[in-house]
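Each of the next two complexes has chain A plus one more chain, namely chain B in the first and chain C in the second.
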Partner chain A sequence: MGSYSVPIYYLLTHILENEIVKPREITSNTIELGSKYSPDFVCTPFKYTLGTMIESVEDGANILLQMGGGCRYGYYHELQEKILKDLGYSCTVLNLVSGGKRISYQELKKYPIKIKKRHFLKSLIITKKMVFYMDKMDDYIRMNRCYESEVGSFDKVRKEMLIAFSKVKGLRDLKKTYRKYKKKMTSLPLQIPEKRIRVGLIGELYTLMEPAANEEIEKLLNSYGFEVKRYTNVTYLLFQKKRKVRKYLKNFFVKYRMGADALDNIYHTKELCEEGYDGIIHIKSSFCTPEIGAMPLIEKVAEEHDVPVLFLSMDMHTSKVGFLTRMEAFCDMLEMRKE
Partner chain B sequence: MDKVTVGIPRAIPYYDGGEFWKSFFQQCGINVLFSPPTTKEMVDRGSFLAPDEMCLSMKIYLGHLDYLEGKCDYLLVPRIDRFDDTNQTCTNFLSFYDLAKHYFKTPILNYNMDNQNDLLDAALEIGSSLSIPGIQILKAYEIALEKEKEKKKIRNQKQLELLKEKQKKVLIVSHAYNVHDAFIGSELLKLLKENNITILYSDYFLSEDTNPLASTLSKKLYWKYSKDSIGSIPLCENVDGIVFLSTFPCGLDSLVHELVIRKINKPYLNLVIDNLSSFTGLETRVESFVDLLEQS
Partner chain C sequence: MKDCYLGIDIGSISTKGAIIDEYYQVLDSCYLETKGNPINAVKEVLSELKIPDGYHLHGIGTTGSARKLIGLLLGANVIKNEITAHAVATMTYHPEVKTILEIGGQDSKVIQIQNHMIRDYAMNTLCAAGTGAFLSSQAKRLGMDVKDFGALALTSQNPTNIAARCTVFAESDLVHKAQIGYPKEDIVAGLCKSVVLNYLNNVCKGKKLEAPIIFQGGVSKNEGVLKYFKEVLKEDVLVDPNGHLMGAIGVAILSSKNPRKEEYTLNLSDVAFKTQGKECHDCSNRCELLYIYRNQELLDIWGSKCGK
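So, the complex of A and B:
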């Protein structure tokens, strides 16, 4: 999943004795492979992950890890395992989170997974911290990359940082590395114009976080000179969401949780509007049920505050040109409104 | 004071609990107004209101609510999260209330069902918001529950008798709110009946029987209505064919039906209905399926 493969790979190599197969990067080939064997109107992440799974199995993996969420995401693994078996591959798909509960140690023991007991907790803490630092850095990049004097300077530092992260030895080492690259990042020259246009990015988590699934929308917006704010990242989903949702339900016109990230997105829309953002882009994979339910309410909130919203629904049929046209039209409109 | 009228849409939640609420309100001396079976206008109206990608069943639900708007004092709109951790619902069920409140002006009677709140809590919630005395609520609840149970039992008995018949039999695996809906399911049922085929409904069996059986086909399934429907497949081993009926683009059925189809070895027909479906296309598919059954 995007750059998160760095901390995940780090964690797995440090806590497991099994050999780890690094998944290939998502290409058009992956997507084609995944959609070929998927049911027609399943949501897009299913197709992407299935494609990656087939590639990984061909690279020699026989246990595949899958996560679960508050929608049909939690049920992916069973069908994916069946599809892979019907294709003649022998492998198991292991779901780490199902029905909102983490997999128990007893159940994990049934699989041929060997866990290193030494340094287990330490690696876990380092990974958590690494994700936290990455998310913090990405937040900074999204806000400032649009003003870089030299094109590509931010991405270069980020790439270097990820490589350095994958080689850290301990918590102190990680902290030192982070500080070093943070300094490097913040000292990059910026050219800040007078009129700053800020865009909020909300939507379904997979499409938001996987650059291959959203046509690198953040980079695109930054290249137009727009600041981008995005709430959803792994730190938010795993460590902050539970606490924050309780806050969202107080004094808000939505009475109940609406499944997955629907409520979060409606609340974030309100927050973005109140903070004076110029536009909001809602992006999701096709047929994402919880987000479809949230869309009318997002529209309502944005209308009340007179902030334009662009709804994008991505799947493998989305043509790059059509997508670019819509984005350009929306961005032109934002610029005109600013004047 | 005039009698209060509560409007109940004849769509999604109606098919599991509509009868219960009808007798419950009657016991409490409250008028109940059901919307009529789905018409084309309701579908169009629902599609107009809802975002494009919303599933057809949900669009129909909105269409029914729209029909009742202004015709009653309250709309009965639940929010159903889960019955327990392994019996959850589709995320659409979670957004009924907030969407209805967004679209319609009629006051809404709302009850919530999740881990902490079961049907009795729901009845108390509804009763107290209509300021009905507590004892009357409990009494009405008992009677309504008893009546619903009785009806389900009779339905189940009839199904079991049908299973013993010698005629060609087909099991329809679907959510109750799809197969019994006048827009989605009626054409299919009519075509099957014209061809003298006995129809068994997955939702007419008792949930207590079908729900545990679902694990023979899918171990990790956690949706109640999907479990209820696919659990009927091992129960009906001597049917000649299976029809999977779903609406476009149902999130649960897209995965569950695909998995089940890969595991059964019986003739099957996988129908996905949307609001553009042509009747001729359906006819052709059902006829060829019936031909297949007659040859086997």
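So, the complex of A and C:
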């Protein structure tokens, strides 16, 4: 998912003795493969991950790892394994986190996975920190890339940083690398205009975090000159969500979790409105049930604060025109409102 | 010599052209079917439009789903999406309007205006149910011209219920109702009503539609749909005689506001435009590339994901 393959690959190569197959980047081929063998009305993450799985199995993988499931995503690994077996591939799909619970060590031992006991904890901590640094850097990029003087300068530094991250030796090395690239990033020249337009990005996590699934919406918004804020990232989902959700439930009119990130998104809408953001974009994959439940409430909260919301539903489109029309119109509107 | 500006709106079903002067008065206009070939449709529009004597064309704007292609071919100085174009034109002619309902060939949208600004808008999401395309395909099924729909719908006393959620459901409903002997006008009226209900449910989704309301787009020419909008909303709904041209007029207005002005002519009949689709095999993205030529000269290549 996005650039998270870097820390995940780092973790797996350091804690496992098994050979690790690096998944290919998501291309049209992946999507085509995935949707060909998926039920038509399943949500897009299923199709994207299935496509990647088929490609990885062809590259020689026989154990596939799947994460997640605050919604029906939690059952996807079983169906995907079945589909892969029907296609004649012999492999196992493992879900590491299901319904908020991590897979147990006893469960893991059933599979031919060899864990290196030495450095296990150390690698885990490094990976956690790496994800944390990446997310911090991405937050900065989303807020500032729109003002870059030289187009592409931010992306270049980010790419260099990820390559450097994949080669770090220890925690201290990681910290040093992060500081170096942070300095590089913050010293890039910026041209900040008087009127800054800020947009909040909320929605279903996979579509939000995988640029191939959202038509690189962050880059697009940045290229229009808009600052972007996004709450959802791996640091949030794995390490902060639990605590925050408890807080949200305490002092909010929504009293239920509503599945997956529905509650979070409604609360974030309120936060974005109160912080004076100019617009909110909500993206989800088509048929995403928790988000469909959250949409009327998001609309209600935003309307109280008079902040416009654009709802986008992503599916397999070969043509970007419809998406671009909606985006352009929304951005025109934000600019007009600001004047 | 006075200045005039041309706006072209290339929609999925129809292509609209309008020439306006500096005071935004429409000098000439034209409405044609796109027939799946935007380049030809635009050529026809250009040959039908005439610049009145004493005027010079100083700007071209394009909008609609083929705006980029035509904008490139004509060297337009403004290329804008249709939502902005519609809002700009409506705010110019009807400054009091607060809500714009627009149903076009393939999309439908609602635009809310406050203090001469777009406050919010919504557009249909995935499918084209309840739009012009739906009406014209049903007209074909009933063996009628879609232009006669409105007049026939008005003669109906009790419209029958037709599900408009999805074209396939509606079709089976319609066939069923016709087979058990409902008169044609009741079915047509039911269709018009279902378009209204579908629009209010799927596009407006509980938005407060404040009066004055204006209804635009190709479907606004249908009196039946208009009648049911008034009935359901319990408000008066305006229709501008140029309602179907609003996109073209809006983009012409935007073009007149653009400081970059050039001299244009309408004579394009002897210029050959050609587009060619190719698949790039350099990586597994296999982008569909579109090569655009003007008189054998390569203008641009579209569709690459890597910017190669």
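Here are a few things to note about the model shown:
Criterion: the second predicted complex is superposed on the first by the 338 of 339 C-alpha atoms of A that agree within 3 Å, B and C clash if a C-alpha of one lies under 4 Å from a C-alpha of the other, contacts with A are read in each partner's own complex, and residues count from 1 in each chain.
In this section, a residue touches a chain if its C-beta (ideal position, glycine included) is under 8 Å from a C-beta of that chain, and two chains touch if they have at least 3 such contacts.
Remember, predicted model here, so these are calculated numbers, not experimental data.
Of the two partner chains placed by the overlay, neither chain B nor chain C lies in contact with A:Val131.
Contacts of A:Cys273 after superposition on the shared chain: neither chain B nor chain C is touched. Of the two partner chains placed around the shared chain by superposition, chain B is the only one that A:Arg257 touches, whereas chain C remains out of contact.
Look at A:Ser313: by the touch rule set out above, it reaches both chain B and chain C.
Judged by the touch definition given at the top, the superposed model places A:Val157 against neither chain B nor chain C.
Within the superposed three-chain model, A:Asp332 lies in touch with chain C and out of touch with chain B [touch as defined at top].
When both complexes are overlaid on chain A, the residue A:Ser286 reaches chain B and chain C alike. Judged by the number of chain A residues each one touches, B leads among chain B and chain C. By the document's definition of touching, of the two partners only chain B reaches A:Pro39; chain C does not. Touch criterion met: A:Val321 reaches chain C, while chain B stays clear of it. Within chain A, the residues touched by chain B in the first complex and by chain C in the second are 286, 296, 313. Interface residues of chain C facing chain A in the complex, by the touch rule stated above, are 65, 80-84, 107, 117-123, 125-126, 205-206, 283-288. Here chain A touches chain B in the complex through residues 39-43, 46, 70-72, 74-79, 82-83, 86, 95, 98-101, 254-260, 262, 286-287, 289-290, 292-297, 300, 313, going by the rule given at the top.
On the chain A side of its complex with chain C, the touching residues are 24, 27-30, 286, 296, 299, 306, 308, 311, 313, 315, 318, 321-322, 324-326, 328-330, 332-333, 336-337, 339.
Chain B meets chain A in the complex at residues 50-51, 53-55, 79, 81, 85-86, 88, 90-92, 94-95, 97-99, 101-103, 110, 112, 218-223, 248-249, 251-252, 254-259, 262-263, 272.
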